[in-house]
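Two complexes come next, and they have one chain in common, chain A, joined by chain B in the first and chain C in the second.
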Partner chain A sequence: MNILKKHLYNTFDKGFREDGRKFDETREIFIEYGISSRSAEGSARVKIGETEVVAGVKFGIGSPFPDKPGEGSIVVNAELLPLASPDYDSGPPSIDSIEISRVVDRAIRESKCINMKSLCVKSGESVWLIFIDIYPINNSGNIFDAAALASLAALKDAKFPSLKDGVVDYKSRTKKGIGIVDYPISCTVRKIGSHLFVDPNVNEDLYSDARLTASFTSKNMLCSLQKGGNVSVTSDELFTMLELAKKTAQNYRKVFGK
Partner chain B sequence: MGILVNDKDVVVPGEILAEGMDFVPSGDVFRDGEKLVSGRWGLVSVSGRILKLIPLSGKYVPKRNDLVIGTIENVGISGWRIDIGCAFSASLLLRDATQEFIERGADLSKFYDVGDYVMCQIVKTSGPKIIDVSMKGPGLRKLGPGKLLKVAPAKVPRIIGKQGSMISMIKEMTDCKISVGQNGIIWLVGEDPKKELTAVDAINLIERESHISGLTDKVKELLEKRK
Partner chain C sequence: MSYTKRFSGRKFDELRPFEAKVGVVKRADGSAMFKIGSTIAIASVYGPRELYPQFLQDPKKGVLRCNYNMVAFSGSGDRVKPGPSRRSKEIGLVTEKALLPFIDLSDFGGAVVDVFIELIQTDAGTRCAGINAAALALAHAGIPMKDLVSAVAVGKIEDKLVVDLDYEEDSHEIGVDIPLAMSTRTGEISLLQMDGIISVEEVKNCVENARKACEKIKEVQVKALKEFYGLEAKK
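Let's turn to the complex of A and B:
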């Protein structure tokens, strides 16, 4: 076993974390809205400790899916820029970036926080498409939670552009927002040995055995799950992880607002 | 004409430090006609007629007899390649690897495997690409479980202190085992994770404020406060 991983295990076995935090303690969270209001209809920056992620929301007009002629859609894309971490390479999307975008997409989609029918312009012909782009600026661990929070913050900030004769005028913006009523907050719980903890730093991220990302509505209803890592979790651990995720998601929500 | 900066001024690459032939460049200062120009980001050091720079950043440049911490990146048939954090990897030859007898055709990964961290000494640098290291010497070993910190190699002398005074103080007050590589990689481990964290904070403080005077007192204050 790598000496860094072994040391991390030893530290956890003594009941501590590398940076002195408790297992259920998160770093300071900072959310900034409208960081790129000229180029994106909605944008936000989220910092969790030294981890920094920006997200942007763009609107576009497109054709609806044949099975849902009266519903718009969302497209989530995450790009892991080499500037964020020496472990990220430029080029085609990596498995990690696809996973981040899928996890964020699932939380938004399955919580049904966006009324897709409200995105319909003309049934069967044209609907609004919402593009959410996620860019980590610095990876100091816990990119999943930061990306999810940044996406929600960008959606909160977004305002529809004007639509004239089926053509979007990006220069003029309406006052109409997406109208999300209940934001699904995601939280990732990690497992090292038999220890469960939240908000990993970069080493904990790298050497954790398993992770579980869960998202909850404001009424603590579970709306999405994603398990990662090579090690399995027992059913008892799963329930503990969910409880921990729920508690942490409530803390995130206090910062994020309603 | 004459010197244009003061001692301990922070300068950036390309900055003109002096004009005329009164001063002699040294270290990272070079002469461009009549001008002495800074080649790096650092602090000016004026000693008599000699102008030199104490760099504040930069990659590690290997030097003979330097103790460095590296990671094994490849196991070959007659030795190992070690990443020591500079542009080219170093080679560890069989004869310099261990005191033990190694049979012909033995599996070298039993001694040092890919991903292992080692404390080694540079024994030869011929040209930029050839760096030979040795594992034979006091304190040279395969490192056990511990925390690795990466600091700017230019800050290592400050972390070690005069005759090792700074690092000895940190070791004493935190009960941590610490090995500092000249290449800016620091390995440390302590019995108490809280004390280990204190040692990390002290090292980070030195790295952050290495160019400010009164650093020893600041570090001592931090260590005493967190004791």
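Let's turn to the complex of A and C:
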């Protein structure tokens, strides 16, 4: 076994973590809005401890899907910039970045927090597309939660640009926001050996055995789940993970606000 | 036609407000942010580290690789399509050439120093902001350097010579844009590009304007490094 992994296991067995936190303790969260307000219609920076992720929202006009002529859509994209970590490489999107974008996308989509019908400009012809782009700036662990929070914050910050003869005028922005009432908050729980914990740092990310990302509505209803990692979890572990995720998501929501 | 007043209301030789910060990416070996007006560049440096595939290695000295990228929401119009474009590749190349003359990689045979530049928000002058951030990040990473590299875009709008063009000026029909990088200590120029129509005499004046502007930028760069290492406080 890798010596660092062994060290992590040992400290976990003794009941504490590398950085002295409790298993259910998160690092400090910091949210800043409008970090790219000149260019993006909505943008935000989220810091969880030293981890930093920026996300931006751009609006576009496109044609609707044939089976949903009266609905707009969202496109979520995450890019793991080699700037953010020595472990990220340049090149086509890695499987990790695809998973992050899909997990963030699913939470937003399945919670139905965005009314897709309100994005319709002309049924069957043109609809608004919302592009959410996520970029880690520094990966010190728990990119999943930071990416999800940053995307929600960017959506919260977003204001529609005006539309002239079917063409977007990016220079003039309206006061109209996307109008999200219930933001789906995601939380990732990790497992090392038999220990379950939240908000992993880099080494805990790297050497944890299993991962579960769960998103909750404000009424604590689940709206998406994703299990990751190479190791299975027992059903008892799963239930504990869900409880832990629920509790942490409530804390995230306190910081995030309405 | 005469350009009597700049769109932004600045004086003709006035830079937009700018600031620099060192150590913005904790996981990197060196990192810095440079902001000028609304343009925000973040640079991080990884290395010297081993270079693969092996045929890219130079046994005598380290290799410098620069990567320039605009994030998808950083453009003022449509969303920027993610991934490398011909433009971003060229800017990566000229950034590399702008930095290379002032760094010494002779101790790092077989290794690579990677510089990643990300533009979070753009309002013209992105390659210059990127170079300013990259120079600081290289210094922060402890790469031996002859001098910091400072860069600025100068040019001409209608009949007036201007310093630090913003997007409105950059996209002016009768305009010349000259991004330029130099070491203010030696006066050597390592980046020079231009588009537009201008006389040789005017280019000479532009270079002189750029030198003055670079000196101001370098002051802020040096201050940012000192602040990071707590040297400013001791004074």
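One rule holds in what follows: the second predicted complex is superposed on the first by the 258 of 258 C-alpha atoms of A that agree within 3 Å, B and C clash if a C-alpha of one lies under 4 Å from a C-alpha of the other, contacts with A are read in each partner's own complex, and residues count from 1 in each chain.
One rule holds for everything that comes next: contacts are C-beta pairs under 8 Å (C-beta built on N, C-alpha and C of every residue); 3 or more make two chains touch, one makes a residue touch a chain.
Treat the numbers as computed from the prediction; the structure is a model and nothing was measured.
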Which partner, chain B or chain C, touches more chain A residues: C
Which superposed partner A:E18 touches (first chain B, second chain C, both, neither): first
Partner chain in contact with A:Y170 - chain B first, chain C second, else both or neither: second
Partner chain in contact with A:P82 - chain B first, chain C second, else both or neither: second
Contacts of A:H7 with chain B and chain C, given as first, second, both or neither: first
Residue ranges of chain C in contact with chain A within the complex: 24-28, 38, 40, 42-44, 46, 49, 67, 69, 71-79, 82-83, 114, 116-118, 120-123
For the chain A and chain B complex, residues of the former touching the latter: 2-4, 6-7, 10-11, 14, 16-20
Chain C-facing residues of chain A, complex: 35-40, 43, 50, 52, 54, 56-58, 60, 77, 79, 81-86, 90, 92, 131, 133, 135, 137-140, 168, 170-171, 202
Touching residues (chain side chain B, partner chain A) in the complex: 115-117, 143-148, 189, 193-194, 196-197
